[in-house]
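Report on one structure; see the data block that follows.
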Amino acid sequence: MGYTLVEKIIAKKVGHEVKPGDIVTVPVDWCMIDDIMVPFAVQKFEEMGFDKVYDPEKVVLIYDHFLPATQTDDSRHFRVGDEFAEKYGLKHVHRTDGICHQLMTEAGYVKPGDIAFGTDSHTVTYGCVGAFSTGIGYTEMAGILGTGQLWIKVPETIKIEIDGTLPGNVTSKDIILRIIGDLTASGATYNSLEFTGSTVDAMSVASRMTISNMSVEAGAKCGLFAPDDKTCDYCKIPYDDEIKDLHGDDNASYAKILRYRAEDFVPVCACPSLVDNIKPVSELKGTKVDQVFLGSCTNGRLEDLRTAATILKGKHIAPYVKMIVTPASRKIYRAALADGTLEILSDAGAIITTPGCGLCCGRGGGILSDGEVVVATNNRNFLGRMGTSKVQIYLASPATAAATAIAGEITEA
Amino acid sequence: MFSAKIWKLGDDIDTDIILPTEYLAFETVQEMKPYAFSPLRPDLASKIQPGDMIVAGNNFGCGSSREQAPEVVKALGVSCIVAKSYARIFFRNAINNGLLLIEQPDLFDEVSEGDIAEVTPGKEIKVNGKSYDIASLPDNLTEILEAGGLVKAMRKRNGLD
Amino acid sequence: MAMTMAEKIIAAAAGKESCKAGDIETVTVDKMMSNDGTTHLTIDMYNNLKNPHIADVSKLVWIIDHNIPADSPKTAASHKKMREFAKENGITFYEGEGVCHQIMMENHVRPGELIFGADSHTCAYGALGAFGTGVGCTDYLYSIVTGTSWLLVPETIRFNLHGSLKPGVYARDLILTIIGKISANGANYKAMEFAGEGLHDLSIADRIAICNLCVEAGAKTALMEVDDVAMDYLKEHGREPKAIFKSDDDAEFSEVYDIDLSEIEPIVAKPHFVDNIAPAKDCSDVKIDEAFLGSCNNGRIEDLRVGAAVIKGKHVHPKVRFFVVPASRAVYKQALKEGLLDIFMEAGAMVMNPNCSVCWGACQGVIGEGETLISTGTRNFKGRAGHKDSFVYLASAATVAASAVAGYITVAEDL
Amino acid sequence: MGKVFKFHKDVDTDQIIASQYLLFPTIDEMKVHTFESLNSEFASQVKPGDFVVADENFGCGSSREQAPSVLKALGVKAVIAKSFARIFYRNSINIGMPVIVSKELYDVVKDGDDMELDLLSGKILANGKEYSCTKLPAKMQEILDQGGLIASLNK
């Protein structure tokens, strides 16, 4: 009997075989705390009565939701974080470098096989490198900071196999949106999603990140890709036997297997106001938009900006429409400066902001008002997420977003 | 056993509905309270009385990991939530804050807002003369709930209480 | 009759041969700029008029620059109102293209024009020899409906500039020194006119920085003679003057100052007033939490070059948030081409989209209780950049960049 | 008869109404934040008919008309200062709110004093004593008389 990828990762950490439903206590390789949650986690940590952090090397504080700050109380969160880091000797504080989920792999923290927890639901992103990672509340985070461990229920796995070649205007965003639509917003609750197949093998790590990132929108505990040579390049580690063993076995026991042909995918949107309300872009044609947002931990990477730039090159966004571009990290911003991507986007009329969570977290970066429509590349279109509850949010790929910005209405690339 | 007045919500009540991002960074839960459920039902927070319960459909608490969501519900005095299913992070966060969550597949479809329920944790809920079975929680969660939440459990571990 | 430059522009706008300080004249306004700080209120008032109409829509320029991208649903609603009104009425409209005054300088302002802006820093247009003045939304509304307004002809304070600034000293140090000298209401109701051979060494960017800040001395407008530097700028931007005026040699000035530019030193304006100046060197005990390079005062390419030269190869202090905000899209793109944006990003600064940003204290980079900001913005009023109990120091681009690296206020040469 | 609310020299427009409130849709939503940084109780304590009395250069800074507008919306009957910044002065007249220059009043009244103002005669009665204030220029008096600048457009 074989093992799924999540079972292998957990078993390796706890030192014995595990099966779905087991409740096990795992050691934690990485703790990520974002700026919103820092004061709460610190308060709980202190209430719990700990006097030291289990391993200051393993804790990463990242300020991203409140950059740039829009409210006078925002910088209190930075101050509390800085003081906590100083008091307990934390080594890793990112004050202005970009979105937490981008930095956790980009800056070299999370590697294949690691177990990571973060105070944000999109912590599932690190599944893109074959790490088990998931979002938790600040009280549990405080517990981990003190003990270095957390209990988890070993999840069942849903395997998703995708084979073949994607149509030119389809990106990994369209894939994960379609899958969420098929599974529904709660269809993978408590499950691990494991993505395999030739389409997945051909994807960049960045594209996989988009899929892992949105796994939580189907309720999943994690969204995993087996690490390969591309993963190892990205993580700057050797592609050795140990890494090669990190994959779901053919004879593992899966709760469900979904099989897709890449050729069957089309550009889609998640329509207001649920992530599983999926429709083909072609059916939405003619929907007027007021704003387009390209960014977030889902789709703010260099390849996303490049995809948009390819479509926007030599063109201009529609009159009275705004396109806001928020690169996911400082590194990405600089790379997009260097290769001319930002210049193309700026020439096309995009408003390019500093790296951070931006509009996706709803505290700035392009908030909308009643009756306005936004096409956005981020991960949630919940009611009121980007302004009032009368804002219509459509989630889409960077390609669809760029084509829509030019047309001023929802359009296929 | 306790009895509670029912407030009814639908499927997929996400964390941005339970507490929008705008209010997440308020220093205290007390300041957040008036904004609970505001995108969906702006007046709900002011109507909920201590001891009332929330009944909802599938996937309650989906979305972000913001623990402010269960904290604010608890701060409103909600005695328990009964839903068809829960999103997992919300579930953990609620238990860690000592907020009782009950999974029940049928009750949602058969009760109305304003009905009074009689809840016997780990056993049954009675509404309008009908009884609904409920399961008990796994041991490790019962321990946390019984300790009054994770903070208290950790304080005990650290020899403080 | 001998006239000042201000009198000549007003006389021309009033269709008269001459006018003198103290007269009240009815003038035709050449251009009317309004931004998202007040336009939503103007529109409400407009819609309540008995017979709403716009005298000449081609004279209107509307710019969303203060809270862009929007920070709240309320802001977004006000923007929407403005955008829709501009669209329906065919008003020249910019959104997210940069700070209003920079956009006006790049695209609209012509020497000899009389321009109303629903923003106090409209006096910046004097750098191109135009009479720009800030008005409230009622005045603005009256002028768009009638095409005219009334103006009290101001007296003029003349500043004759001599020599040139020392290396490491900038136009901003000069104007802060002048405001310190004449005080925050030293030019109330008056025009501040700059002339003399010292002017010729100053770039348009320098001139805008000087004129822009004159309202901080209470001035109604600021004016500079139009010379080759100004004409070259106009030509580069494809525009012709409306008229070129200069004060007559025997014009009457209420005061005349002779200023030796070589005596100016790096200056900061300390909280909470623009005239509360001190030598930058004397402020090294002030720790900072945030630094800001940008604004209609100091966010031009020349200013970014100064900042980038200071910070190149160094790193922003880990506890400092350094925002770099080009004043317009044109400035952003030029800075991108010259590699300046990368210098800032490499050094740990945050490059923002062109807008009013930190200077305005309501949308981006808001500072918290007890925090200190060093800024190239226009104002250091109490609470200007965020929490009411916070502190803003104004300084040149060089001093701001150097302080961002040091973590406390310092001049670039001491870095 | 109204109460005196006293403010210091160089009160700038950001103190009267801070930037973060200016884009609120209406003056009524803004007015509760009037003078927030200087006296957070002001908006709740001021009553229609009360007066703001200040030292030199009142209203300096930005051209935001929201500054006189929130004072007017709270019912402030007039602002009496030793001097005013010019845009604030003009904006006040334009919206029909009296702004009166008095060089002596600031030094003789305290916060909370009762005072009366007769705009037509230019007389102020405070603490049983009479003070005279500078009359408005004719052009401005004319605007004020007709109820502000907009009223002239609706004639």
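All chains are identified by letter, namely A, B, C and D, in their written order; residue positions are counted from 1 within each chain.
The definition used in the following text is that a contact is a pair of C-beta atoms (placed from the backbone, for glycine too) under 8 Å apart; a residue touches a chain by one contact, two chains touch by 3 or more.
The structure displayed is predicted, hence computed values, not measured ones.
Engineer: Taking each chain's centre as the mean of its C-alpha atoms, which one ends up farthest from the centre of chain C?
Structural biologist: B
Engineer: Based only on mean CA positions, could you tell me how far chain A sits from chain C in angstrom?
Structural biologist: 41
Engineer: From the mean C-alpha coordinate of chain C to that of chain D, what's the distance rounded to whole Å?
Structural biologist: 27
Engineer: Any idea how many Å lie between the Cα centroids of chain B and chain D?
Structural biologist: That gives a centre separation of 51 Å.
Engineer: Could you pull out the residues of chain B that touch at least 2 other chains?
Structural biologist: none
Engineer: Taking each residue of chain C in turn, which ones touch at least two of the other chains?
Structural biologist: 72, 74-75, 77, 366
Engineer: Would you mind listing the residues of chain A that make contact with two or more other chains?
Structural biologist: 71-74, 76, 363
Engineer: For the protein chains shown, what form does their contact graph take: line, ring, star, complete or other?
Structural biologist: line
Engineer: For this structure, give each pair of chains that are touching.
Structural biologist: Chain-chain contacts present: A-B, A-C, C-D.
Engineer: Where on chain C is chain A touching in the complex?
Structural biologist: For chain C paired with chain A, touching residues are 68-77, 79-80, 83, 87, 93, 95-96, 289, 318-319, 321, 323, 329, 332-333, 336-337, 341-342, 345-346, 348, 350-353, 357-358, 363-369, 371, 386-387, 390.
Engineer: Give every residue of chain A touching chain B within the complex, in rising order.
Structural biologist: 23, 36-37, 39-40, 44, 47-50, 66, 71, 73-74, 76-77, 118-121, 123, 134-140, 142-143, 146-147, 151, 185-186, 189-190, 217, 219, 221, 274, 361-363, 380, 382-385, 389
Engineer: Can you check the complex and tell me which residues of chain D touch chain C?
Structural biologist: 10, 12, 14-15, 18-20, 22-27, 29, 36-38, 56-57, 60-66, 68-69, 83, 85-87, 90-91, 94-95, 137, 139, 148-150, 152-154
Engineer: Spell out the residues on chain B that touch chain A in their complex, using ranges where they run on.
Structural biologist: Listed in rising order, the residues of chain B that touch chain A are 12, 14, 16-17, 20-22, 24-27, 38-40, 58-59, 62-68, 70, 85-89, 92-93, 96-97, 138, 140, 149-151, 154-155, 158-160.
Engineer: Could you list, by residue number, the parts of chain C that touch chain D in their complex?
Structural biologist: Going through chain C, the ones touching chain D are 24, 36-38, 40-41, 44-45, 48-50, 66-67, 72, 74-75, 77-78, 117-120, 122, 134-139, 141-142, 145-146, 150, 184-185, 188-189, 215, 218, 220, 273, 360-362, 366, 379, 381-384, 388.
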